[in-house]
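Below are structures written as structure tokens.
You will see two complexes here that share subunit A, one where it goes with subunit B and one where it goes with subunit C.
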Partner chain A sequence: MKLPGILLLLTLLLCGCAREVSPVSALALDRTDDGYRLTAEVVRQDSLDDAASPAYLSATGRDLPGLLSNLSNILPGELYLSHAQVLLISETVAEESILPLADYLCTENDVRLSLRVAVVRDGTATDLLQSDDEVYALSELLDRAAQEGTLPDMPLYRVSEVLHADGTAILPALYLDEFGQTAPAGTAVFANERLSCFLDGSEIGGGSDA
Partner chain B sequence: MDTITFSTDLESNIRLMQSIFRGDNTFVTRRAVSRAGLSCAVFFFDGMVNNIAINQSVIRPIVCSDLSCASAETICQTVLQINDSRVETDSSKLFASFLYGDTVVFTEGDARPVVVNTKGFSVRSASEPENERVLSGPREGFTECFMPNLALIRRRLNDRRLKFTFLRIGSRTNTIVCLCYLAGVCEQKLITHLRRKLEGLDIDSVLDANYLAERIRDHRWAPFPTFGTTERPDVVAARLVEGRCAVVVDGSPVVLTAPFLFQECFQSNDDYYISFLQANLSRLLRVAGFLFTITFPAVYVALMLYHRELVPARLLFAVSAAQRGVPLPIGWETFLMLLVLEALKEAGARTPGAMGQTMSIVGGLVLGQAAVSARFAAAPTVIVVAIAGVTGLMVPKLQTAALWLRFALLAAAAAYGLYGVGFALALTMTWLCRMHSCSVPYLLNLIPRVQAEQEDAWLRAPWFFMRHDRFAVKRNPSKGDKP
Partner chain C sequence: MRERLFPRWGAALFALLPLSEILYTPATGQTVYAAALASLICALVCAGGARLAPAWQRSHVLQWLLALFSLWPIVTSLARMGLFLHNTVFSTRPLWSLILILTVCTLLAATAGLNRCAMWALPIAWLAGAVILLSGVLTVSQMQPAHWHMPGSALPRETGQILLRLLPAALALSLSLPERLSGAAARGLSAGGALFALIALRTTLLLGTHTAALLPYPNFSAAGLAAIGDFARHGEVFFAVPLLLCELGRCAALSCVLLLPFSHSYGVLRLSRRAKQ
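Moving on, here comes the complex of A and B:
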């Protein structure tokens, strides 16, 4: 009985120390002059009594692996993407081929395949991400719009799937309205893996203003 | 005890008895002489006997007798006015009875003593056992007194096949142990198995039923019980009817029953005395409670250490926030909190009366709150440990198993995450599958093979659906031995 007891205690010693993580709820990808800028909405909650609030941190780099690596270097804890629910890409990024981006994210262990991808119209993705001071506000907006049929519902795995099929896809589009609020901006149409045009609600026929 | 030989001379017998019990101030010698000159000596222990019985049924008949000389048989048959007396020639049996409260009578001219049943020590009443209370149903419980315990069983089983077989175990205590069964209902090989095990014991003392249970049980190191224990005569009667054996130990209100199956851990006395609808819900809750108490802390630690992606986002943020500033890793924190819980339970159980309850409440509330405020522990960990503690109380028969499994699964979770928990549970299940109680598989009836045996396994069937009274132990009940 002594040996199993000792082994049991030794097994407990093997337990990993709790790693401090920096959970990310949303990401925004913009084009810069010499590469890309990735902004992360990091969730902060200091105590049980506080509400979770967002903090924004940005990193620049030439490709997505470099961006993620640079971002994790400036985060207080380990970059944790499992609970990220939205990826915003700006028009300039969307005008390039987004298939490598989708493929890379699909192969990342941490990233969920249900991550929603949206295109930001008329502005930077970072500005739109920072416009709301509530965690998961963007994903709730996209959820609601998808349920109402005002925006298409395109999780990451579907984006990769349809682009691989024939290079065409439709993604939800968002913009900042005149009051600085995030609002649906119709549908971004992709052809040959690149942003081709935007359709508003009346053009796609299923929107609330159709 | 060495064989002692008595003589026909009364005075030398008195001197011999007094020399044997020299130094024992409860030993009483009373001379009694009849009108016609018959001289007798009466020996007994003060406090162990019924004084009225000795005065009226032993001493008065001798003193009032017209005999001038008489043999032990004559004293036994014509003088003593009591229902239970005998001439005893075996000195070991004589002293066993004498030390247990019987009175010994010697007469002039006969070396053989007469043993008179005058037991009369104080006993407590057959009140309801504290740890086996029922909402409705019988309220009697066993006491420390042997014969009244057997009477409580016989009163419920008016069957001529009910057998009480006595054994003496313990070279110092010489404790009477009774093997109890329904002949024809209980399998003979089970009776033989238990009897052989009990007779094979070479021990000094038996002060409680657990002295025997730990020695004769299968799988001595297993935390799962393989002997049933109860303080209720109705439970013993039910188990005897089901074909089990009972072991009653003198001086202990706890009666052992065997074989004991895993399903019995989740059965409660109330299950049979209240509506089957309510009873079955309670039984399922008990099963869930047991699973919950052993796995909840482990799953919590595994999720927070290795599988955060499985935790809903807002819950994860809240737990992470609560963990901030706590000095220990979550595995060690949970382990220490479980230890504190056990310490509080132990302190509450050992502290007498109302102070124990106060201590548990104050300890639980104040220490928990203070630990969270001082950042010794995170609030979610305290909640997890508290829930594990509360659900652990739902199945009292598995408290030992729950305690050890909780820590084992926690260690597996801390080291290997949910895979470790799954592996540890699979090992436990394998262990359970290999276990036996008195050669009966421990998990018997939990796998649906024969419908008749399922009537009281996971759920209790309504009484009007019960086709067999012996649904638990026997696999092929025959009509001939229906109780």
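Moving on, here comes the complex of A and C:
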């Protein structure tokens, strides 16, 4: 009788493993007057036809740990970043050093190293994130563009490595075209860990010719 | 009938030792060489240890000393396994409960005896080897040869660090072997060491040394980049489970060494002298 008793005890220790989670498929980071705004695209699967649809929630804060903490406070379930495939950052965020951001995301347990980071031109990252009503549409676009070679293939682990090596990196750039659709906008070039220019030659903040 | 420990089982048991180190070893440019070198040194030392085993076991004092010595690798293994599970999967579980579960699992496996632990090591070692190779193959296209490093001045220090974790367990097991299995010990450690070095190479070429330095478990994190389309995106889970089984097997075998002065048996544990096989 000892063995079943021990096994029962050990099974009881695992109680509470089943918890409700709010899976995030993409994130957008914007600069505000007094800090940052983080918007999460949360996957909802509560429709009658069981189709996944996005819901958007935003939180403000002074740094990324604070933003994630504030975001998890307003989510119905536990913040689950393991399914996040894209992080959009606005030009104003990219003009600061993005190395602490990349390092923090690498060390964050839930975040996948294959997360793709992209810079949003001529607008906020939140607006671009909310322009699609399809979950994972952004990551599919970036995956396809990386395979075709039209945008740089720079997942998070590669961004962190090149920034640590010499502070220089290239990231894909996206923008909202005149029809309100997400479209590739060239390559964002980083020098000294900061956005330096776009590869098509236009200045930071200049209009997109893509 | 007396149970035998066949050389193939013995080799598998010793292969578990370097495989158990994979999850916890950092990935610097020198780890590839350090892993290979440390495994080779261990293989040579343990080949000698296995030859001395029959003579060693004739002395009760030495047997007791070996049992006490085996406590150190058991405790460190259980502690690092518990920490790994706490840091990666069960962050809300108390650390002590995870270590308790692992200890109970280890003791339950150890009651089967050293021979059967070695027998079960064979499929586990094959499984771990297959998963490591598959994980490596799935990430080949993402590797960057520019991250390759030549041996440098940090190599002796890193080799020493791996030896410090690997050698106590390997030595305790080799001195406790019931048969003269020096060849099997050397083969197992070499094969496990080769896989250990290969996976360290994969991690370095994939992540680069800077990114790997940020991660507490770089080999585990790098395995997360191995995916078969959208089907299996959490490759690190498939990677870690066989390696944790390897470490549980190592703990169970070392627990058999710890209990040897009481059980006097390499077979199923019965704590009396009459059960000697």
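The working rule: the second predicted complex is superposed on the first by the 184 of 210 C-alpha atoms of A that agree within 3 Å, B and C clash if a C-alpha of one lies under 4 Å from a C-alpha of the other, contacts with A are read in each partner's own complex, and residues count from 1 in each chain.
Here is the rule we use: contacts are C-beta pairs under 8 Å (C-beta built on N, C-alpha and C of every residue); 3 or more make two chains touch, one makes a residue touch a chain.
Quick caveat, the model's predicted, so the values are computed rather than measured.
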Practice task
Based on the superposed arrangement, let me know which partner A:Val43 touches: subunit B (first), subunit C (second), both, or neither?
Solution key: first
Practice task
Check the residue A:Ala52 against both partner chains and state whether it touches subunit B (first), subunit C (second), both, or neither.
Solution key: first
Fill in the blank from the handout: Of the two partners subunit B and subunit C, more of subunit A gets touched by chain B
Exercise for the section: Considering only the touch criterion stated at the top, classify A:Ser114 as touching first (subunit B), second (subunit C), both, or neither. Expected result: second
Practice task
Check subunit A for residues that touch subunit B in one structure and subunit C in the other, and list them.
Solution key: 14, 16-17, 82, 112
Completion exercise
Within the complex, subunit C is touched by subunit A residues 3, 6, 10, 13-14, 16-17, 82, 103, 106-107, 109, 112-114, 155, 157-158, 160-161, 164-165
Exercise for the section: Provide the residue numbers of subunit B that touch subunit A in the complex, in ascending order. Expected result: 221, 301, 304-306, 308-309, 313-314, 316-318, 320-324, 329-332, 335, 379, 407-408, 410-412, 414-415
Fill in the blank from the handout: Note: in the complex, subunit C contacts subunit A through residues 87-88, 90-93, 97, 100-101, 104, 108, 147, 206-208, 210-211, 214-216, 221-222, 224-225, 227, 233-234
Completion exercise
Listed in rising order, the residues of subunit A that touch subunit B in the complex are 1, 8-9, 11-12, 14-18, 20-21, 23, 25, 43, 45-48, 50, 52, 80, 82-83, 85, 110, 112, 135-136
